[in-house]
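Following: one structure in structure tokens, then a few remarks.
Think of it as A, B, C and D in the order they're written, each chain with its own count starting at 1.
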Amino acid sequence: MIVVMKVDSRQKEIDDILKRLAERGLTGHLSKGVERTVIGVVGQTYPELRDMLELLPGVEDVIPITKPYKLSSREFQSQDTVIRVGDLTIGGGELVVMAGPCAVESEEQLLETARAVKAAGANILRGGAFKPSTSPYAFRGLGEEGLKILAQAREETGMPIITEVVTPEDVGLVLRYADILQVGARNMQNFVLLDEVGKAGKPVMLKRGMSATIQEWLLSAEYILSQGNRQLMLCERGIRTFETYTRNTMDVSAIPIIEKVSHLPIIADPSHGTGKWYLVAPLALAAVAAGADGVMIEVHPSPDYALKDGAQSLTFDNFQRLMAQLVSVVASMGRKMAGGTNG
Amino acid sequence: MIVVMKVDSRQKEIDDILKRLAERGLTGHLSKGVERTVIGVVGQTYPELRDMLELLPGVEDVIPITKPYKLSSREFQSQDTVIRVGDLTIGGGELVVMAGPCAVESEEQLLETARAVKAAGANILRGGAFKPSTSPYAFRGLGEEGLKILAQAREETGMPIITEVVTPEDVGLVLRYADILQVGARNMQNFVLLDEVGKAGKPVMLKRGMSATIQEWLLSAEYILSQGNRQLMLCERGIRTFETYTRNTMDVSAIPIIEKVSHLPIIADPSHGTGKWYLVAPLALAAVAAGADGVMIEVHPSPDYALKDGAQSLTFDNFQRLMAQLVSVVASMGRKMAGGTNG
Amino acid sequence: MIVVMKVDSRQKEIDDILKRLAERGLTGHLSKGVERTVIGVVGQTYPELRDMLELLPGVEDVIPITKPYKLSSREFQSQDTVIRVGDLTIGGGELVVMAGPCAVESEEQLLETARAVKAAGANILRGGAFKPSTSPYAFRGLGEEGLKILAQAREETGMPIITEVVTPEDVGLVLRYADILQVGARNMQNFVLLDEVGKAGKPVMLKRGMSATIQEWLLSAEYILSQGNRQLMLCERGIRTFETYTRNTMDVSAIPIIEKVSHLPIIADPSHGTGKWYLVAPLALAAVAAGADGVMIEVHPSPDYALKDGAQSLTFDNFQRLMAQLVSVVASMGRKMAGGTNG
Amino acid sequence: MIVVMKVDSRQKEIDDILKRLAERGLTGHLSKGVERTVIGVVGQTYPELRDMLELLPGVEDVIPITKPYKLSSREFQSQDTVIRVGDLTIGGGELVVMAGPCAVESEEQLLETARAVKAAGANILRGGAFKPSTSPYAFRGLGEEGLKILAQAREETGMPIITEVVTPEDVGLVLRYADILQVGARNMQNFVLLDEVGKAGKPVMLKRGMSATIQEWLLSAEYILSQGNRQLMLCERGIRTFETYTRNTMDVSAIPIIEKVSHLPIIADPSHGTGKWYLVAPLALAAVAAGADGVMIEVHPSPDYALKDGAQSLTFDNFQRLMAQLVSVVASMGRKMAGGTNG
């Protein structure tokens, strides 16, 4: 942490800061410039220290220089985290494809979709049993009934399943059915939920909140990691901006940034990232070209009859076409599809 | 809902839409313009209908014309909601002042603050026992111990208390101590929590999420209202923008907007809204001039020793000065301070 | 400027940076912390230095600690800039009211408005002769004809006039008629135009760009000041955010921030700041309560017949009502209306 | 345009609206729903009509249904615009690569770069002679001297040149040297400049403003097209969001959106789009995977000695590596590199 003094700060003020730091077992390292004095704080700092220092007389600004997250950083762990789910590995170089409907609506809808995405080469089946919805009057999912249908689809197709958990007390229930727990964007800072999935002992996918900075996202990851769960992957799903043409603005740059600053695998969700089905394929391909470890795609037998997010869902045909394009782009990058999919 | 057809749409496509609407018990009302045809949907529509219609051939755009929230709207209830907390009324015209530390840190800290803000004219005591924190390594509150200290301060000062609840299973616990439950910005779309406080039978204050539109905020209010709890007030606490000088950008215009579109009381929190103590007084005054029903102000005996959010907390002296200014501005608006405070 | 080294940086890398700094006549001041080394750069730095340093091996981050603007800062000039326009002073404590139509549409429209706002207590007449318009098919102003009508209104009412200049080569023309030149939000970074108005020798009002940070705004002010024109005031007129209810989100906190970091007067424009006439009065009052030196209000004889921005214009009656409220709030703040207006 | 009446609107109010519309030669088409009446406006509408209608009694909302831009839309012209620059075509399917330094700094710097990017396969040379700069104290370009150096590089390498024009009166000068005129992000709404380049008779590249919606961008394009210049391409270069890790957030989804709603070619600028050299390659590849017609890349002989934007510039080696990756990804998409580059 660096304390920048005001141009007209006085020696007494500087001395007071040094004293305050000493009270906390920290040392202040003075650097007198042409215009102003700067104090480097040496020792184990913490975020609240900044608030305190900013309030002291003579202080112009306080600048943190250490990243507030640790376990999720490349500096802490230089090699990539690789997560194993059955025979699959996520984060090990191959492209993983997760696909399925936004919400589980019925046995028929899910099984039909599961077979179709499996046939097209998807590796993991997605489907929501508990659905957060902006409006209390909208469909909120089938609950445990939906989880059972998901398990049935796994039974039949062999695909592991990823599904969302929306509240801490459901973690145990969802764990009984899911292979990967998903924490949704609206819950990225539901800290009690993060604690719980941090104790779950199964892989977790943490979506970025729609107004979360990359640093805040990694701090939420830190909650999960610090509870002992290291099987964690991140998912970029679009951020909120002023643009209204798309539902969200998918931050494709987050993919190489995460790769640079963290060892955690990064998945891209162009369905929520754009909100429009005809943008899903171009953004899925873009995400892969930018280095994503996987993509998550919403697929529905009849998007125009979907109970949720039909506008951003692909038909089986469109999904199949996208898979062929993914195979081609992945090969051009010198990478492979997970599970031996080759079109 | 209005369906806007493409310029080159065909009669068959229009007929197909009318058929789809009829399947759902709805009627389509055709309006043929110079350039294109527009179909007005008559009947009880719902959000998912939009997704479905957007996917049909020949459709350019689908525009909802009914607001998705009901119980929170002025159209549903034209007179203002007035909430009673002991002798106080919130939303009835008088300005209510809530004040206290960000977090309850100790009995001494809270009681000292409670006495000071009471003496200065505050009406309600605030203080967090459960604190959401961006980092897992930061202070997260004293929990039930903090609630007990709050109750003790109420005992001594007579001020009702408002405190945050962060997870559904704590609602019962917090209810045993609090007079008003606060749902924080990060939990504005924690729908399970909204359901729970909707059943609580005590007043609730719902903060705006930092990237929530006004419509989304009112939809979250709808969760609480639709569970039967009508003692609901809203709180503007700043939104996330590109500006980095302040922690958030306080959206003062949200105050008169809420007053126009909803009957719910609206409180302003300039402490979180700005993140800097020297901006708290000007923004509190601005909020009142814009018509806020109340303000919530963070006050701490020694902000530079606070465990949380010291940078945005007022000292006792600064709070007292602000109260005097509030009294003056409130009088100039032809309004009164709640509880007979008159400086 | 502070250079933060990577945790695993090597001595050779540190030495290289010190050498680079020395080449530019700068000194590096080393501070070795527990985790990493930090280098304070002593000497006259400049923004491009940051880009260079960031690229050097071993560097984690480079943090500027000096503000990039000078002439506009409080540190450079501690007393407030006070601008004189005829008998009026702007920035000297009294509240200045600028009012008039968005665009000059006709002699009759402008004169009628000028008389009405004068009668209600406005100090300065506004009206656009050159109008930037998002669409090429919309009204773009009467040009010089509009300037002549403004001059005529000044002749009749005695009110000085403020009007916008949109391109460098029109500065001379507009100067012949205007008392204050306005640089609009879309031109805040039209640097050639800033240079020109910097040489104009008449007061200038610089609006904040809709996505400009406060620092960028002050850097644009620096363009004008560094050309020798110190009669400069700033105008907050709303920033672009994700919220779609309002046309812009008026950043009321910018008012006390400018007051703190700069000596330049700050005006608030709630008409553009909100885009809706029924929000203009509450936000004008809020701006004044937050400390604005003046407000700029759009007024039109028949907003529903306005050629531009009718939706955000006040009728004469509404403007008169607002003036009465301003008088009251200004008095409650211990301030006065400019020009002796007292309702 | 659709006029949505309030739930409690009266017949007299509806009649008044119909009368107003008739005064303007428009017809109102009534549609009475369960809750409220909606009026479809039939005839040639215009943006100001919305402002007017919103102000009338009984009106809840006014919704435009026609896009405000025409010449730039796919509906107006269904086949792609293809621009010819010498032997090159832009927008015809092949990927065009523009490369060069941010600013022309010297003959040596530019020629060296020109040779290197030519050798690596670039098609068009970029370089700024007039540089907009946030700070008045920073480098603003060599002016005409820079243009001469660009012309010399074209002479030697045969590459056409693209360079920015920042003010209307320089258009003639820049036209004497440039093959393509660039309008920068900060000038996207400099309407006088747009008019001028609309008369230029040479190809123009219009960058998206950093807070411009896609609709506003297309309206700025409309300025140029409506002056008769149809040789127009667009360039996505990042938008302003709350994220501070990158300089801008590159909106990759804008690429397929422009392709859908407009016939104009779309170029991606990942250098400005990210602001960090190590993100340029992944985002360039992403843009191509999303369907961009071209990319614009900043390249500098020694980025750490660049006078401007060194942090986002590639070295010659890095650029060469990127070209090889582009060749591979372009081939995987079934497309070709312009100019026969094949690695």
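Rule of thumb we're sticking to: a residue touches a chain if its C-beta (ideal position, glycine included) is under 8 Å from a C-beta of that chain, and two chains touch if they have at least 3 such contacts.
Being a predicted model, the structure only gives us computed values, none of them experimental.
Asker: Counting C-beta pairs in contact, which chain pair has more, A-D or B-D?
Answerer: A-D
Asker: Which chain has its C-alpha centroid at the greatest distance from the C-alpha centroid of chain A?
Answerer: C
Asker: Provide the C-alpha centroid distance between chain A and chain B, rounded to the nearest whole angstrom.
Answerer: 27
Asker: In whole angstrom, how far does the Cα centroid of chain A sit from the Cα centroid of chain D?
Answerer: 30
Asker: Please compute the C-alpha centroid of chain B, do the same for chain D, then give the distance between them in whole Å.
Answerer: 39
Asker: Taking each residue of chain B in turn, which ones touch at least two of the other chains?
Answerer: Only 211, 240-242, 244 qualify.
Asker: Across the complex, what residues on chain D touch chain A?
Answerer: 211, 213-215, 239, 241-246, 249-253, 255-257, 260, 273-274, 278-279, 282-283, 285-291, 325, 328-329, 331-333
Asker: Going by the contact rule at the top, pick out the chain D residues touching chain B in the complex.
Answerer: 2, 4, 6-8, 29, 31-36, 38, 40-44, 61, 63, 65-66, 75, 240-242, 244
Asker: Considering the complex alone, what residue numbers of chain C touch chain D?
Answerer: 46-48, 50-52, 54-56, 68-69, 132-140, 166-169, 186-187, 189-194, 210-211, 216, 219-220, 222-223, 226, 240, 277, 303-311
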